[in-house]
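What follows is chain A paired twice: with chain B in the first complex and chain C in the second.
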Partner chain A sequence: MRSMATITAKAKLAAKIAPIAALLLFAALARPAANPARSGISERYLSPIEMVLSPDGRQLYVVCQGSNELRVVDLESGKVVSTVPLGRAPRGLTMSPDSAQIYVTNSTDDTVSVIDAATMRVTRTLATGFEPAGVVADRAGETLYVANRLSGDISVINVKTGQEIKRLLAGRGASYLALSPDGKFVYGTHIYPKLGAFRKQPNSEITVIDTASQTVVERKRLHNVAGVFHVAFSADGKLGVTTQLRPKNLIPLAHVEHGWVFGNSLTLFGEDVGGTVQVPIDELDRYYSLPWGVIITPDKSKMFVTTAASESVTVIDVPKLLNYVRARREPFVNDLSASANYVTARIPVGHNPRGVLLSKDAKRLYVANRLDDNIAVIDTAANRVVSTIDLGGPKTINPLRRGERIFFTADYAFQGHFGCSNCHLDATIDGLEWDLEPDGFGKDIVDNRSLEALSGTEPFKWNGGNPDLPTECGPRVEKYFFRSQSYGDHELTDLVTFVYSLPYRPNRYRLPNSELSPAQERGKAIFERTTYKNGKPIPQANQCGYCHSGPKFTNRQQLDVGTGKPTDRSPLVDVPHLPNVAYSAPYLHDGSAQSLEEIWTVYNPKDQHGVSNDLTKDELNDLIEYLKTL
Partner chain B sequence: MRRPAIVGRLLLLAVTALTLFAMAVALAPRQSAASSSTDSSLLYTVAGGYDPLAWIHGSDRFSGGATVVVKDSRGRHSLVADFAASADPAVSFDGENALFAGKQKPQDRWQIWEISLAGGKPRRITSCVDDCIRSFYLPENRIVYAKKVDGRFVVEAATLVDGKATAPVVRLTYGPGNSLPTDVLRDGRILFEATFPFGSSSDPSATPELYTVYSDGSGVESYRCDHGKARHAGKQMSSGDVVFASESGLARFTSALAKEAAIAAPAGEYAGDLAETAAGDWLVSWRPDTRSRFQLMLWTDRVGRTLLSAHQGALRPVVVEPNANVIQPTPIVARTAPKRHPSALHDWSYANLLCLNAYTSKYKFAAGSIHSVRLYARDDAGQAKLLGTAPVETDGSFFLQVPADQPLQFELVDGSGKTLKREAGWFWIRRGEQRVCVGCHAGPETAPENAVPMILQRSTTPADMTGATDQHPSGGH
Partner chain C sequence: MKLKISISALAVLLAIPLSSAAQDMPRFRWENFTTANGLPDNHVFCVLVDGNRVWAGTENGLGLYENGTWKIFRPATRDDQQGLTHQAVLSLAVDKRTGDVWAGTMGGLNRISAGRIDNFTQLNSGLSNDIVYGVGVQGDFVWTATAAGASRLDTRTGQWALFNERNTPMFEIWTYAVSPAADKVYYAVWGGGVLEYDVATERWKDYNDPDGETEMVLMKDQGLIHEITTSVSYVDKILWVATYFGASRYDGRYWHNFLQKDSGLPSNFLNQIKGVDGNRAWFSTDKGLAYFDGTNWAVYRPALDTHKPEMLVRDAEGKVTAIPVDSAPAHNYILGVDFQGDDLWVATAKGLSHGIRQRGSNETAKVSQEQKAIGNK
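Coming up: the complex of A and B.
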């Protein structure tokens, strides 16, 4: 009876979702590159994410990721006084040293909009790498540094000519930048861990660029860190700080308490601490999840950290923090009682707080509540929100927005430990493989999959065990991930609606005219071939296009292609969809292949996963070039 | 010329009136706090004799009888006037019903009853052969209570169907001693009191301690690992802190700290089981010395932002019974239900336990010294019985399959078989539970390091310690 009830409930839920999903699917098909959330449903939310202050401190320039705008707020009246249209999905901004220009990255367009601060008009658009995020200008205002998330590098752009001079290799998912107070160095962080050996501890880096030589001069290693966000400095330049996640992806996820899944933390660096020191911000029974924005007061008395999934700002006493760091000789990042020695307040704010900024006198702290379309104003002496600046977004909250809030909050997990967005950073991936408990300890290791355009790729889970998204996101998540009462039926419907709405990101490997390069053409022929190089026919089930067929390059079946591991309970794996496969390393169901090449050079000795052993290295390269265009 | 003078007087009058109004407003919060606290509806227990720790030995806390009293706008009256005894009141999340332990006749066993607070006859919830006491509501129409089995109290959870505790009845505690629930935490865990070392009721040195367990009996652990202050009768306050009675008065567990934090309360003895008023003040059962009776006091510990000293005057009497104890204050208010725990127990007769690193411990073990782990159960006579020995890897990891739902005890041994450390108390793992530990007595403040345990690199099959087969520490380092 119980199982029948469950099936009935799921059927009802599916019935509720189906019309919305159909609408979204229609919208997606009609405009493949657009976000169905924006084309299918009328509300256009602003989603403020980053801010800078005008030189006189009277105006706030707010990047609105959802509405593709820069909104200018007069701080005295608390009103939006002007709006500047930008490119698609703007993400980061900075101001030129002479305050004459504002630079905003457009992450979907791979450009930087240059805004004349006097006229508030876009005067130029500069090309960048793939999916630009953070941007800073050097002290002279001659060079722009742009962190490119998808290409994992930093564009160095000559401001005068608008040309990219060079591109520096950075961490995977390069996203946030800060200029040191003396202007000598640019510090960069990245949101995905570096690709490394299978089932080994993830590592990240702080990339340090010398602005004089425009070269990378240091890569500060962040051990066991995956997901590094903003970076900031004290005014004297002696203390640097990044916000970060320490995932516990290598141990069985059998419970949540005692910091079992994530360590929300900071890395301190610079002369004040020497080397790098990782510092926890969680407590024993409460978690401050997804630390994201960070800023230090000019007098170095306080540090403010937005915790994006916990909807709060953590306030840290910097002198106490430094004293504690100097007193503890051993690493203490796994000590959940440490934060009591330096965290002085937790200030509740709105949904998904991101960017953080201080007023010129440091008496006010501005926090961008991304999913509320407003800015929280905090009295930094009293540590409380004293007002909220409405940026003028829609007043109604539609199912997509509700689902987005559910996706980005940690409220549902036991003790508020984590949310969907901890593993699906900005609704993408985390680049990690996890050991989930229900399959047994050390068994059935699973790679974190992309959420782009999931409709039509059912079933889900590495072995195809979950027939639909309500099953994937519902009771399974409650029982084996959050370990606490989570979504009701309506909330699950909203969440699924949001997840289904996530579009493909633009594919940067396709030529503008939709033609293929010669290498891609050769790769396509290999992908579609039906015979070995010696002319013998390849059995149909062993041809690439047999399993990877249809509009999303999956036949949605579960097959043994020889990639199973001794620790897997079954060799059968769900055939994954391939669009934008270039963005989602590592590969295979368990994340054991660190690159597309390794799928065939390491994990296909018997040609079970397509025929590849008769290919030359160049031919394999061609195949991969083609796969990247899908 | 008179006009300005009149204006001046009017201004003076207005300023004076405003000042008086401001003073009245400034004073109002404290007055309203006190009045709201005393005026709000309340359940409490009046007991002639009250030994809050009698449960340690399986005895009755209310040897001299007890009565649950309702204090509301109509005055004070017994919750169930025709009962021989009643105690342990608990109010439902919607504020409309109450559970209590009751005896209709003096010779009856304690049973759990439920009554509508709007009036009506009480409904008997349990039909226990021996006493059933100390019940609380759980989410989704479940309750938790202590049931006396073979002379000792165990904690059970049951579903309420048509006013009866029905299947599935889940036993939550499997220690050898007595256990008594004291609250249901907002995160869904059940706070209960038992002895430390766990299950050592017969040990004269055993002291009460606070533990938590999920509502399916899994995940049992002590709330904190700084044992030793006779903690009992804990309640979670709106701040999330757990406040409890201890040897030194009142103390609290707060999320940020690994050790209890002292509460500077007025001198005297506290019965625990505090309640919080809507204004944030505390209702406490207090007595000046052990010869006196507990009285119900309101502790208004703040005026604005200023903490009062622990001066006796900070306590104001709410209910005083000259010849009886006034305990277990329970406001009749609706509140948010705790989160439900989605049980993830597997359908197995056994359980698995993975320790990531036995060297992560409050005890100091020399690097490489831990060779293997022994697991003990208890025989029929209550004596420790060795179930087997399993290897410990060089990184301190071990992985065991263990018998479920019974007291277990670990012992770490070196290469020569010498004991390095043996648990003082006992613990259990539920059927189908997959338990993971950071280390051996690592403390709840210790988060795990992110590394694949060596034991799982060697094998994903646990060493069988269920007693079904002999185990040898081969394969260790």
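Coming up: the complex of A and C.
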């Protein structure tokens, strides 16, 4: 908050900006309207993401995230036969054991819609934690388990009363759940790594819940894993599998051509393999990016994995995989030659394939092509797409949709390694600090910033080095990240259109009617104060509201607030926007602060980042409670 | 020491035949754990029973006793990023609904959940102070007693609320213990009496020693026995309070105080009190472990002079009877106790003791049922 922008620093900044000044004109032309509605974009795409099968296997229930619906497909005719309106941004679904109800999580509303499967009407709406995603019912159908992404926990809900009994601690970004075939355990995964020490390898977990005691009984630790997605079991319950990313965020991204950015992989667990075994699915010169959905055939002969950024389905021979795992005694997850021993096919499908499901006879595999609004039908014997079920979305592909496809694909990167969505999972963050540029090991470490409502927060990059989003997403990405294919002008404009369209997620810390709690009110007064507690004026540049001003709480300047590290090329950092700051830990430009508290208790010894050292602990807590409401 | 000798002499005189009180008081066979058989350290500050698992907070690590073996938790190492915020574990509580264990240390608060450890300190969270003397769970809230006031964490939202001299009648902020329940939350404030938080009204009320004397009791049974409180236990709407100068029982209207001179307490110096119900409680003193069944008292300890196992029973008339025993808690400096069905687990200055309930010929099934109820509290 206090400006230390000396003449020298300004000169450095000017020198930094100069090389990209030529891009400004292009940027101004390329920047689209932030609001899709204002730009005349009106199509509402369906964005199918998850599916379940009716008990008789004749109907497919498809959660359409974009249109807030459940669409019911008659598999014989391949037609949509009914549509059920849901809450906002539905994300996960499951069916009750007696098939009488369908439960769908509404991630924006923090609810579960209970659908009567006979009438296909929503009969009840149940409250959950923050941003519910995966949902499963226990074997008796008496209890629902819901993974809450933003609160990082799992709601345990009594189905009969509709009341949430308790919350169980899960991994950060808790998202996907599966019931073990014997019904004794619920397994959960999470998309953000556990917050840990700065610049240490990320760690994640598989959370295991005993359905009898309804408590967490085990956490399977996944070392060097950040981003764990679906979890599935073999029918005999002896083999479990999750899809996951292994980011190599501690070394410069410049080494993308050496395969050191992401390891697309699986974790196997269960009786068949003993503890946990991580296995790669990439190849030596090709990556199969963002493994997401996974399913094992009932006879345990095959495993199908959707690779969401590679627009394909990876087919794995399970017996070969298990033989290979047993033969390799040492960890081999970084051995890119390994997959040749068990991957038997890669089946091209549509854009951003997510949910995956087998027909009752396992002869057909259904894949939700999220950005095509259709379902790919794969012949599991031939390993090829034999038909596509159109879910009835818009027939035209507008710039927003084109941009979304670019955002979620790895096609532009060297060897199809990764795309925007690898780091911005579901267009959010990944909770990691990265060493992005080829400036030497450990220099200019950067935290992954939120993409919500970016318009009006320019410039970008941790030091404000990129004046606009086309610069941020264009040449920089092409040169430093992807190292392969450049975006065409229209492609970049489409991508920027999509990124600018990302809205704020609802802020769960705000009270209704924009009221503030007493603690938040006190925190607001601290945020807006102009004097020390002793009455002495605080210099304007040291007041919170000076730097964090305007509608996005940023004055869009580059300032030295004392948080620079010796490894940073410049102490100047771009003032970040603050809305929904509660969702984006860790903090500071390099992610060194693990919590909002640490910004001031650890990294503000000289009051350069606002005046905080005259605050009591109560007052600092109040300030943080207010910041969470922004 | 004089009192101890007189009690022992009296006990010999009254030992035969054993009174009804003497025969009915619970007896234990004591098994003691030290570093020799796996305990992380012999200075045991607190003990927590969670089903078949026993947690022992010590000066040098947290021990978990399960299936006959000890597992030790200490601060993180280079090899293991997971660890406690400090090796000295002062307080423990379990969330019965989730199974998560909360451990207060000299360096912050920790949540241990199925092997995962989350750290909360005054630097990385809203915790008021890193010295966490007491911790308790009430629904979704975790209450802590720290060296700088009380903290309450809402585990659903992550919000911290701090309570201290600025928003409560807490004129000392050295909170030493907490006992949360659905309707009230009680704090022992070292030097500041007892604080009561009413859950419904969200209001605080303080209870203090009415005579204000530090060395004398001028107004017995008219209020809290002393300002230097060390422990509170709120059970069946009865508040039990331990101080360094005696104990108190409060039923919401009347106070009853217990002193060494007129009760079976072996000492007025109490580290912990744990109510079984409205009438019965266990007292952790510097001169042994005491039990009060509403009428009679029992003391369990190594004899202060001979260090031989000792059990003394004092009946309603003040008659003291020595019960022959062949084992005792590891040390007479008792810091805490918890219940495991009929059994006891006791934290002492020289080890952790497991009191295995013994069935005497006169012990009735009723007693057994009562002790089972203890374990369920």
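As a working rule, the second predicted complex is superposed on the first by the 586 of 630 C-alpha atoms of A that agree within 3 Å, B and C clash if a C-alpha of one lies under 4 Å from a C-alpha of the other, contacts with A are read in each partner's own complex, and residues count from 1 in each chain.
We take it that a residue touches a chain if its C-beta (ideal position, glycine included) is under 8 Å from a C-beta of that chain, and two chains touch if they have at least 3 such contacts.
Worth saying up front: this structure is predicted, and the values here are computed from it rather than measured.
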{"item": "Fit-or-clash call for chain B and chain C when the two complexes are aligned on chain A", "value": "fit"}
{"item": "Which superposed partner A:G263 touches (first chain B, second chain C, both, neither)", "value": "first"}
{"item": "Which superposed partner A:P475 touches (first chain B, second chain C, both, neither)", "value": "first"}
{"item": "First (chain B), second (chain C), both or neither touched by A:P85", "value": "neither"}
{"item": "If touched residues of chain A are counted for chain B and for chain C, the larger one", "value": "B"}
{"item": "Contacts of A:E437 with chain B and chain C, given as first, second, both or neither", "value": "first"}
{"item": "First (chain B), second (chain C), both or neither touched by A:G274", "value": "neither"}
{"item": "Partner chain(s) touched by A:V343 [first = chain B, second = chain C, both, neither]", "value": "first"}
{"item": "Vertex chain A; arms to chain B and chain C (CA centroids, nearest 10 degrees)", "value": "130"}
{"item": "Partner chain in contact with A:N334 - chain B first, chain C second, else both or neither", "value": "first"}
{"item": "Contacts of A:Q485 with chain B and chain C, given as first, second, both or neither", "value": "first"}
{"item": "Partner chain(s) touched by A:I251 [first = chain B, second = chain C, both, neither]", "value": "first"}
{"item": "Lowest C-alpha to C-alpha distance for chain C against chain B (Å)", "value": "13"}
{"item": "Touch list for chain A against partner chain B, complex", "value": "199, 201-202, 224, 246-252, 254-255, 257-260, 263, 280, 282-286, 334-337, 339-340, 343, 414-415, 435, 437-438, 440-443, 475, 478-480, 483-486, 567"}
{"item": "Touch list for chain C against partner chain A, complex", "value": "81, 97-100, 111, 113-116, 118, 122-126, 128-129, 140, 148, 155-157, 159-162, 164, 166-167"}
{"item": "Chain C-touching residues of chain A, taken from the complex the two chains share", "value": "129, 151, 153, 165-169, 194, 196-197, 200, 203, 205, 207-208, 213, 215-219, 508-509, 519, 594-595, 597-598, 601-602, 616-618, 620-621, 624-625"}
{"item": "Chain B residues touching chain A - in the complex, by the definition given at the top", "value": "139, 187-188, 219, 240, 255-258, 339-344, 346, 352, 354, 356, 399, 434-436, 438, 444-453, 456-457, 460, 462"}
